[in-house]
Structures are given as structure tokens and as C-alpha cells.
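What follows is a pair of complexes built around chain A, which joins chain B in one and chain C in the other.
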Partner chain A sequence: MAIEVRVPTILRSYTGGAKIVEGAGETLSALIDDLDAKHNGFKGRLITPEGGLHKFVNIYVNDEDVRFLGALEAKLSDGDSVTILPAVAGGALGFAAAAAILGR
Partner chain B sequence: MARYESLLDACGGTPLVGLPRLSPTVPEGAPAVRLWAKLEDRNPTGSIKDRPALFMVREAEESGHLHPGDTILEPTSGNTGIALAMVAKLRGYRIVCVMPENVSAERVQLLRMYGAEIIFSPAAGGSNQAVATAKQIAAEHPDWKMLFQYGNPANARAHYETTGPELLHDLPTITHFVAGLGTTGTLMGTGRFLKEKVDGIQIIAAEPRYGELVYGLRNIDEGYVPELYDATVLDRRFSVGTRDAVLRTRQLVEVEGIFAGFSSGAILHAALAVAHEAVKAGRRADVAFVIADGGWKYLSTGAYGGTLNDAEEALEGQLWA
Partner chain C sequence: MSTATSVPGKSHGNVNDVLTIDSAIVDAIVAHARRDHPDEACGVVAGPIGSDLPTRLIPMDNAARSMTFYEFDSMEQLRVWREMDDNDEEPVVIYHSHTATEAYPSRTDISFAGEPGAHYVLVSTREPDSEEIRSFRIVDGVVTEEEINIADATVDA
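So, the complex of A and B:
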């Protein structure tokens, strides 16, 4: 069972620079464990110490946000495509500047 | 109604048009699955942002945050800046927009035309420099007022009180509402209203997935989720890449004659996904989605012509929604 995982630039230090890696697992949780076994430390960047998905990480299965598909328990099938992205607001530059002014 | 006392009164009340050619074909005898586009480019400055701009200014006036002659500070080169500049002009405020100097010439011209003053941050410094410039400006002018659309409840309220009721009035049989996810104001406000009124309605977000260059600069620990965002309002959330957004934007104009910006293409992509699922399941569906703005401001990207590969390349590194 092969699942293609797209890795954001910021996490490629764990994958030896690879943009796309392969993993296996019947759920997202199992997939992340599998990836962590192959790329040590990967899991710690995605999952909080409490075991939930990191607030500023978005993971998509076939372009759909896993938080609406059961989060870490989301079911995966052979051939699925998983994309990991940092959370970025639309017009992110405007937000960053606005937040800076407001001191947030 | 087609007569208004002023341009501000003409905000909203946009047409909802059917898309008979882009709606999926259903087998004979199966329930209809229809797509409907809400043409938000028909607002006074040509985007959906006129609604929140007007509501945020009014709310700030009523709460005593804004006084006649005040200066509004808005760090954006986007539709919100343009909408706020128009509202500021008509309500008697000065507006200053902060933006990196590498934004497109048409953005700068549009903002100046509406009366905005522009302070540029050096392009070379990227977003860090823009943030530093904005901070410096705020420190020098503590009396300037910012409306902060990402956390301002009047942003979502604009859609709760206008976009939502308009949709329900024009399409009482609505089953799905699809819009873009930026500040999250459109989805939160419209979504909350429709969930209160329509049993079983699905609220669906289409989120732009930019080219790698955009995320390359992002650190996960410095991520951001707008204060307005409440995940319980949404039923599903799609991530739409540049290529799919461009493809759908082109289909909108080629097939239905609607000339829209790329964020609307991304929204259509998600709307088509749920429409096709309804066909497969043999369920009736009236899918309403948002055309956030027209394509005019994006012509200089060159992404409306040439191959999809060319377009993808042209938009690499750009925040196209």
C-alpha cells in the first residue's frame, strides 16, 4: 500500500531534501508513524505532545482537509495523495503587517 | 431595486446566475444538480470586499473608534484596500496603504485613483521588511486607526446580514454554499446564517494552494489562523492548487462568459467536486458559489493565455487569492 506524501520546504530537512516521499498506513496516524520511522523527528513537527494535529499544520488527503475527514483517524487507501502545508492566511503579507502593528 | 441614494447604498444585492453549461449532466430521470454563481464583482469597487469594508467602517463609527477626518491604516494591496479606499473617500477619512514596492502597477494606480496614499516597503526585504515598515509607521502615528479584517467581527457580520439573506432569498432550495477561505469572513458569516435557516446545508471552503515559493518562507511555528475562523461552521475544506484554479477560471469565461479572478476559479473547482459527488449519489443539489472579483486586476500576470504550464509558472510565488 503506497501513499504519496508531499512535503513542504520547511520539513524537507527530515526527508533528505525530498519533495515527495512514500509511506503506508490505513489511517493518517499510521501513515505519520510510518514516515517517522523512515524520517526520524518528522512526527514531532506535525503532532503536538498531547497527540493532536499541530494548530498551524494543514494536511490534505486528495486535496481535502483531514480535519473534516476524521483528523488523525482519517482513512487512507492505496494511491491516495497526502499534502502537508503550513497554515497561511489569504493575503498573508497584509495579515503579517497588520498583526505586527497590533502587536499580536 | 435599481435606484440608490449613493454608491455606498448600492453595495450588495448582487445577481445570482445559473451556470447551465458548467453544471454536470445528470442521467435521465435523476434529480437536477445545478451550479449558481453569485457575482460579487458587481459591487461598487468590483469585489466582495466592499461588504466587509462598509460594515467595518460603519461599526467603527458607531462604536466611536473612528471620527471624521481620522486616518485609516491598511497594510494591503488587495481588494480590501481598494474597497476601504472608496468607503474612506465617501465617508470623509484619509487612508494610507502599506505594501511592498513589487506589487503590480494596476494595483497602485487603482488605489491612488480611489484616493489612497501609499507607503512602500522595499521589495528586497520580503514580508519581514513589510512587517518592519508597518511597525515603524504605526509607532510614528499612534493615532492612525486599523480595522484588522482577520479578527474584526463586522467582517463576518457583513455576510451574515447581507450575503446570506440574499442567497436564501434568491435560492431557497440551496443545498451547498462554496466560498474562498482567506480572512474566513465570507464563510463564517454566510455559513452561520445559512446553517440557521436551511436544514442539512453544506458549507464548503476552497483554500488557495500557492506555489512552493510562498510556503518556502513559512515556518510552521509562525503559522496563522485568522481569529474569525470557527471550524464548526464548515463541513468540508478543499485545497486548490494554482493549475486547477487557472483551468477553472478559464472555463468560467470560455463556457459561461464570466470573467473572474483566480480565487473564483479555485472556488468553482471545489463547487464542481461537490456537484459531481451529488450526481454520483443521485441526489438533488443547488450549489451556490462566490465570484469574488473580476479578472481585470490579474491580466498583467499573463495567466489568462498560453498553456497551463506557462500560467502556473507566471503565478509561482504570487498570492493569487
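So, the complex of A and C:
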């Protein structure tokens, strides 16, 4: 069960600079746990202390945003490709209000 | 003007304290910001990896369509980021407008800044007939303003 994971620049400090790493798991949640075991601290950049996906990243399984696939419960299959990108957002609005708008 | 000596840096890093950008691209960014005013406009300028030179303007949809917030549409972003990958490009500039405040990163901008190699360009369109354009590095929550060197082929070349 190998899943290719594309890592954005900002998280490559956790992967020794690697742009593509391999992981395993039947759900996104299991994959992230597997990645965290190999790349200590990785999980904390993707998942909030409350257990939801961080607003600061977008995660895709193949060509779909995982928010449309059940988020952390998204099912994975051998050969799937997972892409992580930094969410690009901002603006003049205060941070708390912006976070509420995103409300993911 | 500062006369600080530049320190030779790692060739793969963006160690310059200046953004060099073509005037035609600056004009197009300003036009985009004016077009979407009073909503915030946003986009990317891609360039060859490691060149630190923005060459291909990609105006993005502001999925939030807001006067005080912008957000790339996640599916459009995936398509554009893959296209850059295929072209051996990276996001050299990430730009957006503030439509009623100055061209300086807000706390929201700083919190979301996730491309440590990019120049964050802000345009303010609060004045109807002049624009304020400034460029910043935002790395680990630290904002550093840098000069913008607008390269005009008709003057420089």
C-alpha cells in the first residue's frame, strides 16, 4: 500500500528536503499518522489540536480537494497520489474574522 | 539609501533584498487590482525555478469575493501549481490588493503566508488615481520589506 505524497516547500524541513515522500494508510488520517512516524512533527502542521484539518493547507487526493472527500476520513487506495499545498489567503480583514469565514 | 554590503548566499535561496520585475507585469497587476476594486484581487507571477525572476502572470479568482479577504480557489490553485511544476516554474510573486488600507501585510496575510521563497506583493487601491505597491518577504511570521526594481525594457535594455 504505497501512496505518493507531494510536500510543499514550507513542510520540507520535516522531510529532509524531499519533495515527494511515500506513505501508507487506508484513510487520510492513517496516512498522516504514518507520515508523522517517519517525519516527526509533520502531523502538527496538517491537523489542529482539536483534530481538524488546518486552514493553512490544502490537501488533495489525486485531483480532488479532500474537503469534498470526507476530509480526514477520505479513503485512500494503493497508487493514489496525495498533494499538499499551502492555502493562499489573506487580506485586510482581522485574523479571527478571516478564520471564521474560512470556517473549514 | 543603505550601503549594506550584500552577503553572498546559497545559490538556491532567495537572498536578494530586492524584487526585480518587468514594468508590463506591474502594470497588469495594477490593472487587475483596479478591475476587481472594491473587492480584493489576487494572483501569482510564476518564474523559472531558482531564477527569482517573475515572468508569467497568472491572475487568480478571489474565491471569497470580499473587500477585506482573499482566498485562492483550491481547485484552481491545484491546476496552476501543477502547471508550474510541469514548466519547472515556481511562484516567484504572490500578489493581492488591499482596497481601503495601506499596502502592508495584515496579521491575516502573515498567518497564511506559506511560500517562504515568494515575494509577497501588495497593491493598495484606496486612492482612486494612484497606487501604492510594496513587496515583502514573509518567513516564519517575520515580515521584511524589500525594494522593488521595476525593469523597463525601453529604458534599461
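Please note the rule applied: the second predicted complex is superposed on the first by the 88 of 104 C-alpha atoms of A that agree within 3 Å, B and C clash if a C-alpha of one lies under 4 Å from a C-alpha of the other, contacts with A are read in each partner's own complex, and residues count from 1 in each chain.
Following the convention adopted for this analysis, a residue touches a chain if its C-beta (ideal position, glycine included) is under 8 Å from a C-beta of that chain, and two chains touch if they have at least 3 such contacts.
In this text the structure is predicted, and so the values were computed from the model without any measurement.
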Touched partner set for A:63, first chain B, second chain C, both or neither: both
Partner with the higher number of touched chain A residues, chain C or chain B: B
Chain B versus chain C as contact partner of A:2, first or second or both or neither: neither
Chain B versus chain C as contact partner of A:45, first or second or both or neither: first
Footprint overlap on chain A, comparing chain B with chain C: 8-10, 55-58, 60, 63, 65, 67, 83, 85-95, 97-98, 101-102
Contacting residues of chain B [partner chain A, same complex]: 73-78, 80-81, 98-100, 127, 130-135, 137-138, 146, 148-150, 180-183, 205, 207-210, 212, 214-216, 218-226, 231, 234-241, 263, 319, 321
Touching residues on chain C, where the partner in the complex is chain A: 40, 42, 44, 60, 64, 66, 68-72, 74-75, 77-78, 81, 94, 96, 98-101, 105-109, 111-117
Residue numbers on chain A that touch chain B, as the complex places them: 8-11, 45, 54-58, 60, 63-65, 67-68, 83, 85-102
In the complex, chain A residues that touch chain C: 8-10, 55-58, 60, 63, 65, 67, 83, 85-95, 97-98, 101-102
